[in-house]
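Should a chain be cited, it is by its letter among A, B, C and D, assigned in written order, with residues numbered from 1 in that chain.
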């Protein structure tokens, strides 16, 4: 198993190189000079030239990229163009907030989605099936920034229950986590439902019923665990969507996370910061998927032996 | 020996049934789909949207009703004359939503066709040739997959600037690896099936096998993905608009309408409500239809 | 389903309880009675002595307590140093922690601040020697006293920091004559020196810290009314009162500086009493704030001058009459209504209204007939003109739509709009890769406005119309060298009139500075530049 | 005329005129078409027929586990030891399943839950139905203990109980399935092709074992199979099912030695004759009729070498050769059925 983990981690290296390559070149070729962007509308030509020199922007892009990668190989993610702080500090000071938000959102959506998908499958083609799937789909259907504002209007302004933005109290996370998590209910509920539909047609479910086990118990004891395998896969993949969704959610709720930082970095052409975020996002995504793959082992004994 | 003989009869019987079914696959799928009321609702909405898009010009004239401003008439609440009110420069919101269906569907369709073509071909090649080719293509796709689609689209839009064409490119690029993965996944089992072996045995070229055998068999998951991805596309456009990377006015695009309207959400809620609901219903419809199609096309649930 | 609804309700109820509990604890923060001087007589020896403090806080509906203000702004400062950014957001926080030799007063005139007084005399070589006498006993946040060497070190550092160097060009040879006297020279008479010294980039910091490489971005040390105690990245900055502040310790002891990027979210937070003061109020929410008795709206005529900029190097915009025709054809009232929701005024001239040296004479207002006349005289078939307008945010997009509609319906011009993000917009427009865009320039004095927007030396930078007019350059340089206010005003007015005639670009609006705060917060004055003085605030 | 005799029989299972349909949008499949079946206490009935004839449906009907939708029991009665299961509630059925009746399914590979240790799967049925010594429901540890005993009984070391199904071979999985089925000493065991998925050598072992266990516990058995060899080995009576109907029924001897129905005949002819290997196999021509569209008359007539005009239009009546043995075929009447078959057997 450790060998397997090690293999996966080594396999990450080309992915990181690929990701940085793509993003570095997209960002470098993008119109919009970082120096001009920092200095703004009222800059003088001399100031722009001076800053470009300071930032090392006058070298060819290939050289800049190579320099960046050399630093990265030594674990140095460079310095933010905009704030001049090390990117690692910029990114890691925001990472916990994003991680917390993502975990809460995943938890929220999973708690709702798995029972929803299960029940929909058990009562396939019934009214409940359709209704619960539509409910799940509502989340994916509403643009996250719109839903977020509606949440703020209702829970913060009208009812005064929860803070509208920021991260001042432990319960500040509730609204953004709901906004972000609601978006993911559909995918999780959908996959739970369809894998459940498949599982409840399996012979071993029939075997269990032939033993005289009540249907509800059969579903809980036999079907759920088997149906969870694809669900867990989707949860892993959802992390990607979640991280992307966090950019919007964090902006709406002034959540001090990486997504928001990445957006401002992109628009500020702060290439080292963008790359820092992308690398962390990629690492997260990969590590979560590794954990998911390992989790199969705990859910499904058949897979355990294969590592 | 006895057993074997009989098993074969059985297989034949079973196959006999399958053969009959295969001929009517489209019909059968339709029958199963028709039974699913939520999928039918989705389909009905999609049809209405397509009709809106096709007949948009008949309903509202683009130059005089959709983009023409009328400042004195700005921010009118919904009324008989303007069922969804007017926006900040006095344009009829309904007219813009109707014409917006054209933009959204166009972009969704174009981005999907692009992703599907490129991703599909890459995935098919990867799945079909396997080994080295597969490894190289899929590792590249993994790199793209590792970047969340929306973020990739944001980067590309920032780099290319905002126009409908660039938006299509951005969405298409971020959608490609998904298709590649799906098609490859669909091709892998097909590749080893006997009839492909047979086709190879009679000297079919690989290209011919891909187009004649492999692709038709990968259709089901691709249809589902296309339906779902259209919904995702529309949502991504809205997100990009929110970040100021969407489509330029006065083009009536739903996402940019919603995003522009959010500044007015407190005083003139209808400016967000109607575009928001439109997006919501559209995405809902595509997802319902996609879910229905998935169920209908899934042989395991047949 | 039912169960999940119940669970949700329970969860929400729990949250409510928790938030109530949190509110309770908030009010218990021990707070000295401060200068409010109210209700101190109820003080008892019991443990509940903080209660009287809690009550007024509840009445005030303030976000935290009666000694704290929560300020909310859209953008996070890139840096809390004074010389490593040139962001507006950074300027706000710089005003809390740093001070400059001179500072602009409410009427935007430079007044002594850390310097007590100054004199200047012309030298034999034509340069001018300025002598600044510093205040005595000004304490930094770390307790050290401000001395002349600090001024020297600070101004010299400003010269080499690219983000602020622009404001450090006018002075040279900064030297400390004694602990409380600083001299510097300018190349000839300079009106801009005094304004430059007011700029945040020229804030005074302790020389020893500058030399030892102290990280001002972690611990900004200046002489300002507040010192920063905490910076939660992306979230908030916390400042506490500088008790040794030269004008006396501020009444508000704690300032929490929150970052909320979304306009509607800022207003919601204000209305929900999560914050007390919103710096950038979304113009769409103006009416909501006005209608709310608990809130006060501040709508100040701003200095930000915004235009439809057209590239004068591109045909047919090199033709003055074409520009004038376009200028007269655009209904600016509509632009203000649509783009700003009324929170601003129609720009009445080519230079910012409200600043020393403004003159609207010769400027054409919205007049369709006049527009047609200019168009006819220009000899250009206006309907053949097609161009693209770049817009980089929602307000600009709205403005551009009105422009597009006006010019299309009057002349049949073919106009497209393109959205660009700020970075692309800045680079493209600076490089002249554009035909038209909606842009603007904010400056607190007319000289830097004219120099930045129209001087030929700023082509490829802030002179985006790419105007290259030697006569205009000469006038601007003359104004810069005129130290006397009245004389300078005359030169500037002449310049304004000249520009009204030249019509390099099409002024649209001057954006108002909109801010809003809890009605119980007093002493809030906002200047036209958007500057405000937290040290003067108090709760009542 | 046979009523009185029948009533005196001590029947463990008595199915009368069972009609089951699968109603799908594609049409109504007639799975069972008036099926009659009887098993005496302690006896074994072989239910023989091709795939799709309705054998498994019969088994599932007894347990009331027909997938619904689309399956519907339209008509008929199923009596277990005299009690009609169709009248039982789901709760009552749960008590019957696994305790009074249990079923061994066709494919041991898929019949076990892949993510549950096998001893837990055996213990589950014990926990469901058995009481501990204190009269309360049996404890988990006691159930596990009993499960291990059951494993030993079917020839698997008890300490392998903590393993998962994928760690067992096919034959061993089937043993586990049998252990589950027998764990509560059911009165009736339904074995749905229990050996089809197994190797021939394993088949024999499993059959031997089942035979032994049946004798040990006196269990009645419904042996569903298409393998006549197994029937000969293990059954007391045989019912041949075709298109959801029993077309020939009798004791083992009746059916094997006095074969009357052309279909049964066909089944025998499909078997290779080891003594006369030069004889060619004579498979039954054609395929099973489409169950959604059964012929109007005899369901077998399109494939029957002896078909007559009447076969196409009318359902053949039941003709008895003796008290037990009957056929549904127009070839026979009360006279000629006793005189030996037209088929030369």
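Just so it is clear, a residue touches a chain if its C-beta (ideal position, glycine included) is under 8 Å from a C-beta of that chain, and two chains touch if they have at least 3 such contacts.
Computed from a predicted model, the values in this text were never measured in an experiment.
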{"item": "Central chain (by mean CA position)", "value": "A"}
{"item": "Pair with more cross-chain C-beta pairs in contact, given A-B and B-C", "value": "A-B"}
{"item": "Centre-to-centre distance between chain D and chain B (centres being mean Cα positions), rounded to whole Å", "value": "49"}
{"item": "Whole-Å gap separating chain C and chain D, where each centre is the average of the chain's CA atoms", "value": "88"}
{"item": "Centroid distance [mean C-alpha coordinates] between chain B and chain A, Å", "value": "22"}
{"item": "Computed distance of Cα centres, chain C from chain B, in Å", "value": "45"}
{"item": "Two or more partner chains touched - positions in chain D", "value": "none"}
{"item": "Of all residues in chain B, the ones touching two or more other chains", "value": "35, 158, 161, 244, 259, 262, 265-266"}
{"item": "Overlap residues in chain C, where contacts from two or more other chains coincide", "value": "264, 420-421, 423-424"}
{"item": "Partner chain B, residues of chain C touching it in the complex", "value": "263-264, 267, 282, 284-285, 287-288, 331, 334, 337-338, 391-394, 397-398, 400-402, 404-405, 409, 416-421, 423-424"}
{"item": "Chain A - residues contacting chain C, complex", "value": "30-48, 50-51, 54, 82-85, 90, 93-94, 97, 112, 115, 128, 132, 149, 152-153, 155-157, 160-167, 169-171, 174, 251-257, 260-261, 264, 266-269"}
{"item": "Of chain C, residues touching chain A in the complex", "value": "1, 4, 11-12, 15-16, 18-19, 22, 76, 78-79, 84-87, 162-163, 165-166, 217, 232-236, 258-262, 264-265, 268-269, 271-272, 274, 420-428, 430, 439-443, 452, 457-462"}
{"item": "Chain D contact footprint on chain A (complex, rising order)", "value": "201-204, 206-215, 221-222, 225-226, 299-302"}
{"item": "Of chain B, residues touching chain C in the complex", "value": "67-69, 71, 74, 88-89, 158, 161-163, 244-250, 259-260, 262-267"}
